[in-house]
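Two complexes are shown next, each including chain A; its partner changes from chain B in the first to chain C in the second.
Showing the complex of A and B:
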C-alpha cells in the first residue's frame, strides 16, 4: 500500500513556532493575547507619556540629599560614602574570589550594586559637587576590591573578620568619636540621620542582632527545661501575634518607662531598633526552628556516639546543617524587614518612606493641589525599594537552587 | 581530641554517685531556677520603674478611663457612634473596623490571588509574564508605600463628589470622598419574609441530605450541594414574590420641594405633620417629580490639578435620564455677555468652566478660564434649569428623603424672589410655623412606591454629600485595595506552588481515564493542591488582618489608629498597650485555631 505524501511537519523552532506555541495556541489564547497586548501597550504608552511630559520630577531631584541621608551634614557626607566604599570593596573581594565556574550569586549582587554606584558616580560628576570625589572613590573601591579578590584569593581567609569588623567600624564612622567638635570625626547625633541611609541601618542592625537572638530563642523553644521552653514560646508567640507597627508604637511609649530614663536620653532610633530587633528575632527563631527540625535525629545520635559534648554537637553538627537549610528563609525575612522599616515613621524617624511623606507635605504652593507630585513620589519610592528587594529576592532564589532546598 | 580510656566494665553502683555538677537533671533544675530568678528580677525592676514613672508623670494606670467621654470623631462606623460615647465604644468600633476591612480583604485577596496564581501557569506567555510581573512588583514594594500610593496618588485626586463624580455603570459613583454603590436595604416587610428564608434553609438542608444519600447509594461522582442551594433559592424567591408589595398604611411625609427634604413617617392622626410620638419610617421607596425648577450657584475660583482650572461652576449631580431637558443660564445674562463670558461644560449640566473666549473661536482653550491678571471669574450667579425632573429614591434609616433644593424658575431677574404661593404637590407645604420663611414654592409631586421586603437604594448627591446606597470611604478603599493587592501577590505564589506540587502523573492518569480538562482540574488536581495551599493561605489571612494596622497611613480608623489616638489623648499608655496586644493576640489565636482545625480536616481527608 502506498503511503500518501504528507505536508512537511510544522517547524518546532523559530519565532513563528514560538509565537504559535506561546501566544496563539488556541482561539481563546489568541483573544487573551491580543487583549493583553492592547492593554499593556495602552498602559505603557500612558505611563511613558506621563513620565516624560506630564510628571514633575524637579521636586524629587532637588530633595535627593534629603532622600539619601536626611540632615546629615554636607561636609561630612564622605563618612557614609566611606562606608559604602568599604562595603562595596568587601563585596568586590568576596565576589572576586569566587571561582567563575561555581556560583555567581555574590557576583550578581556585586555587579548590580556596582552598576548603581557607577550610575550615581556619573550623576555626581555631572551635578553634585559636594560628593563628586566621594563617589569616584567608591567606584574605585568597587573595582579595587574585585581586582584584589581575583588576583589574591588568599585574602579569603581574612574576609569573615573584615566583614565582622565592618559593622562597628561603620557605626564609628557614621556616629563619630566624642571629643573635639572641630574634628572631622565629630559626633553626628542620630536625630540627624535619616533617608535611605537610615532604612539600611535599621535593616542591617535588625537582621544582624536578631540572628543570634533568634538562634537562642529557637534553641530555648526546643529545650527540655520547661521554664526556659515556655518563656521562649510565650515571647515568640506574643511578639508574632501583634503587628510590627504596634510594637514600634509600644516601644516608643514603653522604652523610656522601662529603663527609667528621661525620654530624650533614648532617642527614637534606639527605640525603633529595640522594637525591630525583638520583632525580627521572634520570626528568626521560627525560621531557625524549622532548620533545627530538618536536621535528622541520626546526626545528633551519631555525634553523641562519637563522644561529642552537647555544646560540641550543637556547634559542629546541628547548627551548621540547620542554618544552611534556612538561609533562603532568612534572606526572605531580611527582604521583609527591609520593607517593614518603612513603618518607623510611627516613632518619628525620617526614613526613606517618611521623607517622601514630608516632601509631599512641604511641596511648594504651586504644586500643593489635587494630584500634586504624589504620584511621582510614590512611584520613585516604590522603584527604589523594589530595586533592592527584588535584587535580594533573585539572590535568594539562586541560593535556594544551589543549596538544593527547593528540590528535597 | 583526647581519648578517654574505658576504665572499668563494672556498672556504676548506685552508691557511686555522680558529682552534682555533672548531674544533667540537677543542672537543668538549677539552670531553670537561675533563669526564673533572672526573669523575675528583671520583671520586678521593670515593674518598679514603670510604676514610679507613671506616678511621677501622673498618668492613668488602670482601665477607668474607658468610661470617660471619648470625643473622637470617627468617620465610619458599623454601629451607631457619636463623639459623646465613651472610649470603650470607640475601641469596639476600631475593632469592628479592623474586622470589616480584614474580612472583605480576605475574600477579595483570595479571589484575586487564585486568579493571578492560575494565570502564572497559563499556557499564554504574555499572561504568564504579566502575572509574574504583578507578583514581583507587589511582593517587593513595602505595603506602606502601596497604601500611600492608592490613597494619596490615586484616590484623593479623584474628581469632587459634589458635581461630577465618576459615574460607573450600575449607578455606582466614585469621587474623592469614596465609592457609593447601590445597596439592598431590609424594609419592615422583611420580617414577613423571614419564615420563608428559614423554611428555605431547612428545605435546602433536607434536599442536600437526600441527594447526598442518593449519590452515595448510586456510588457515582456528584456534588450534593447544588440541589440544596437550588431548593433554598426556589423557596426564598417564591416567598419573596408571594409577599404583595404595599404602601404602608397611614404613611405620610412632610416633604417640601423648596427645602429639598422631608421625612417619611407613620401619620397616626392623619394631620400630615410629624407629631410627637409618631414614628419615622425607614427605607420607603419614593418618587419625586418636579415639572420645572432651578438650582442656583455662583462661580468659584479653584485650583485643580496642575491645569490651574479656575472659575468653576458646580451644581449637584443630576443624571441625564432624570430630566427631560436641562439648561444652564446666567442669572444676569447681560452682565455676562458684557464681560464676554461663556460656559464650557466639563460634565453637563453639573460642572462647567466659566471662560472668556478671547480668541473668538467659540471653544474653550486653556488659559481662557482666567483674565489677563491670572484671576478667575468668581461670583457670577448661574441657574441650572431642569424640566420634568424625576428621581426615585429611598428614605434613609431615619425616614429622611433629600433631593437638590429647587426654586421656581425666575425670569432672569436676580433680585426677584417669587411670592409665597402655597401650592400643589401631593403633600404640599403645610401652612403653619414654617410659612414665614418660605420665599418660594415649587410644583412637586411626591409619592410613595409600593415596597417589598428588600428595596434597592441607589446613591445620589442632593447637596454635597452622598445619600442612599452605601458609601465606602476613600480611606477604606485605599487600605482595602492595598491589602488585597499586596496579599494577592503572596497568595498567587502559594496557589502556583500548590498546583505545581501535584505530580504530573496525576494529571496524566486523569487524562488516561478520559476526564476532560475541567474534570481533571476540579476532581484531581484541585483537591490535592488545596491540601498544600490552605495552611499557608490561612497564615496570609492572618498577615492581612495584622497588616490592616497600617490604616493610619490611609486615615482609616481601626483598632490600632484608635488606640494611638486614645493613648495620645488620655496618656493611659500601659492600659492601651495591653489592649492593643490583647486584641491582636485574640485575632492571631483565632486564626491559629482555624488553621489547626483545617490542618486536622486535611489530615483526615488524606487517608
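Showing the complex of A and C:
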C-alpha cells in the first residue's frame, strides 16, 4: 500500500509572522530585539544630528584635490584622469561583451564605479573648473567602452593584451617622459604623488605583482629541489615574521645600500612598492599553498595518466582548482593590503589616510583644541575606504558563486 | 604451508605465441621501509584481459600503478609496448599516452565540463584539432551510453555516469592498453552494473585490459587470466574457472571464501 504524497503545511507569511518568528520568538529574543533597536536608534539619531548640525565638512571640500592626488600639478591632472578613463573604458568593454542575463562580476564592478564616475562628473561640472573636461571625458569613456563591448564582442580577444598594456602605459602617463621640460608629458617626480591616487597605485601594483610572485613561492616551497625549497621557505617565513612597518623601514634603508646607489636615486615610492609587494607575496604564497593542498592527489595523477606534462598539469588542472579554493583568502588579503598602504608614511609618502593628518595639522589653533575636524576627516576617510573594500568583498562573493557551478 | 612454498616465486607469464605488451620482470618496490611489491614477474599479451585480485594492502593497486609510472619502482624492469620505464621523462610520457587509466575515485576534473575533460588530453597531448577531438569524444560518450551529458560538469552526474565519463576520457586517447584500478569500488551497488557492462563490451571488442577488481562476475565473464596477490607477492595464477572450481593455495581459498 503506497502512502500518497501530501503538500507541506503552509507557513504563515507576512510582516507580522516574520517579526514573530525572527525577532519575538521567545522572551529572551524579544528583550534582545528591543534593546538592540533602542541602541541602534539612539546611535543613529546622535550620528545624524551631529552630521547635519554640528560637523564642519568645509575643510574636506576645500582639500579634495589634496585627498585625491596630493601635490600632483593641477595643469597635469588630465593624466591621472586619462588613466581612470582608460581603466573604465577597458572595464566597460569587459562587462559589455558578456551577454546580458548571465551573472557577471565585471559588470557589477563596472556599474558601481561608473556610478561614482558620473557623480564626480556632476560635481566637476558644478564646481571643479580644472578637471571639468577631464571628468566628462572619463564618463564618455565608460559609456564608449560598454557600447563597444556590446556592439563588437570580437574585441574580447584583444582584452588580455590591452589590460596587460594598461599597467605600464598608466605608469608612463603618470610619471611622464624624461627630457624636454615644459612638455605636456613632462616628468612628475613620485614625491609629488599622493592621496587616494597613491593608495590605489600601491594596492594595485602590490596585488598584481605579488599574485604571480606568491604562486611561484608556493610552488617553490613544494619543489623537490632543496635549494629552491629552502630559499622559498626562508623567504616566506622571514617576511611573515616581522610586521609590514618594519619592512618599510628596512626597505627605505636597505634598498639603497644593496643596490649601492644614493638614497635620492631610488624614490620613496619604489622602496615602498618593493616592501609592500614582497610582504604581500609571502602571504599570498601561504594562501596559494593552502589551495594547492586542497587539490586531491588523484587530480594530478589523472592528468599525468593522460600524458599531460608537469607544466600542463599545473596550469590546466592543479592551479585553477587551487586558486578557486582560496579566492576568499586572496580577496581578504587584497582588502588588507589596500588598507595597510596607510603605513607608507613611514617612508615619507602621503597616501590617502595621511592626507587627513596633514589637513588637521594645518588647521587654525582654535579648531585643534576643540577636537577640531579630525572626526569629520576620519569619517570621510573611513567611508571611502569602506566603499572600495566592500565592493571587493561583494565581487569576491559573486566570483565564488559563479565559479562554484557544477562543483562536487 | 611450509617455508619453501612461502618463498617460492610464482610467475604470471602470458601464454606463449602472443605479442607481449606489458612485461614486468623481478619488480620490487618499497614505501619507505615497507616492502610492498616482492619479486613480481608477469606479462600481458595484446588483446588479453588480466584480472588482479587480492585483499586490501596486498599491493595490487601499487602494481597496476607501476605500469604507467604513477608509482616509481626501485628494482626490476617494467616494459610497456617495447619501451622500458626509466627515469627518462620522454619514455614515461610515451607510455602514458598509450595506456589509459581508470581510477577508483574517477578523478574527473571538476572545473571542466564532461566534454572538456575528455578532449583536454587529445588536444594538448595528441595535438588533434578541437573539432576532431570533440567528434571522437562524442563517439565514445555514446559508446559508454551517456551522449547527452557532454556539457554538464562532473559534479552534476551520478557516480556511475562519472566513471563512464572517465572510461570515455581514457578511450578517446586511443590507448593500446587500459588499466582499471578498482573501477567499481566507490560506486553504489545499483550502478556497478552499468560500468561493468561498458568494461565487458570493451573486453569483447579485444581491448587489452589489466583490471584490479573484486567483481568476480566480471572476471568469470571476460577474464582470460586471474592473478591472486597477497602481501606484495603473486600467490596464484590461473584461468577464472580454475579459481572458482579448485584454487590450490590456502590463502586463495580463504580470500575467495570471504568475498564470494
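Note that in this section the second predicted complex is superposed on the first by the 376 of 408 C-alpha atoms of A that agree within 3 Å, B and C clash if a C-alpha of one lies under 4 Å from a C-alpha of the other, contacts with A are read in each partner's own complex, and residues count from 1 in each chain.
Just so we're on the same page, contacts are C-beta pairs under 8 Å (C-beta built on N, C-alpha and C of every residue); 3 or more make two chains touch, one makes a residue touch a chain.
None of these values were measured; they are calculated from a predicted model.
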item: Partner chain in contact with A:307 - chain B first, chain C second, else both or neither; value: both
item: First, second, both or neither for A:316, with chain B first and chain C second; value: second
item: Which of chain B and chain C A:375 touches, first, second, both or neither; value: first
item: Touched partner set for A:299, first chain B, second chain C, both or neither; value: second
item: First, second, both or neither for A:357, with chain B first and chain C second; value: first
item: Touching partner for A:340 - first (chain B), second (chain C), both, neither; value: first
item: A:279 touches, of chain B and chain C: first, second, both or neither?; value: neither
item: Partner touching more residues of chain A, whether chain B or chain C; value: B
item: Doubly contacted residues of chain A, that is, touched by chain B and again by chain C; value: 307
item: Chain B-facing residues of chain A, complex; value: 22-23, 25, 29, 32-33, 36-37, 40, 54, 56, 224-228, 231, 237-238, 240-243, 245-246, 249-250, 253-254, 256-260, 307, 335, 339-340, 342-343, 345-346, 353, 356-357, 360, 367, 369-372, 374-375, 377-379, 381-382, 385-386, 389-390, 393
item: Complex interface listing, chain A residues touching chain C; value: 296, 298-299, 301-309, 312, 316-317, 320-321, 324, 403, 405-408
item: Of chain B, residues touching chain A in the complex; value: 4, 28, 31-32, 35-36, 39, 46, 49-50, 52-54, 122-127, 130, 136-137, 139-146, 148-149, 152-154, 156-157, 176, 303-306, 546-547, 549-550, 552, 560, 563-564, 567, 573-574, 577, 580-581, 584-585, 588-589
item: Residues of chain C touching chain A in the complex; value: 68, 70, 93, 96-97, 99-101, 103, 105, 107-111, 113, 120-121, 124-125, 152-156, 166, 169-170, 173
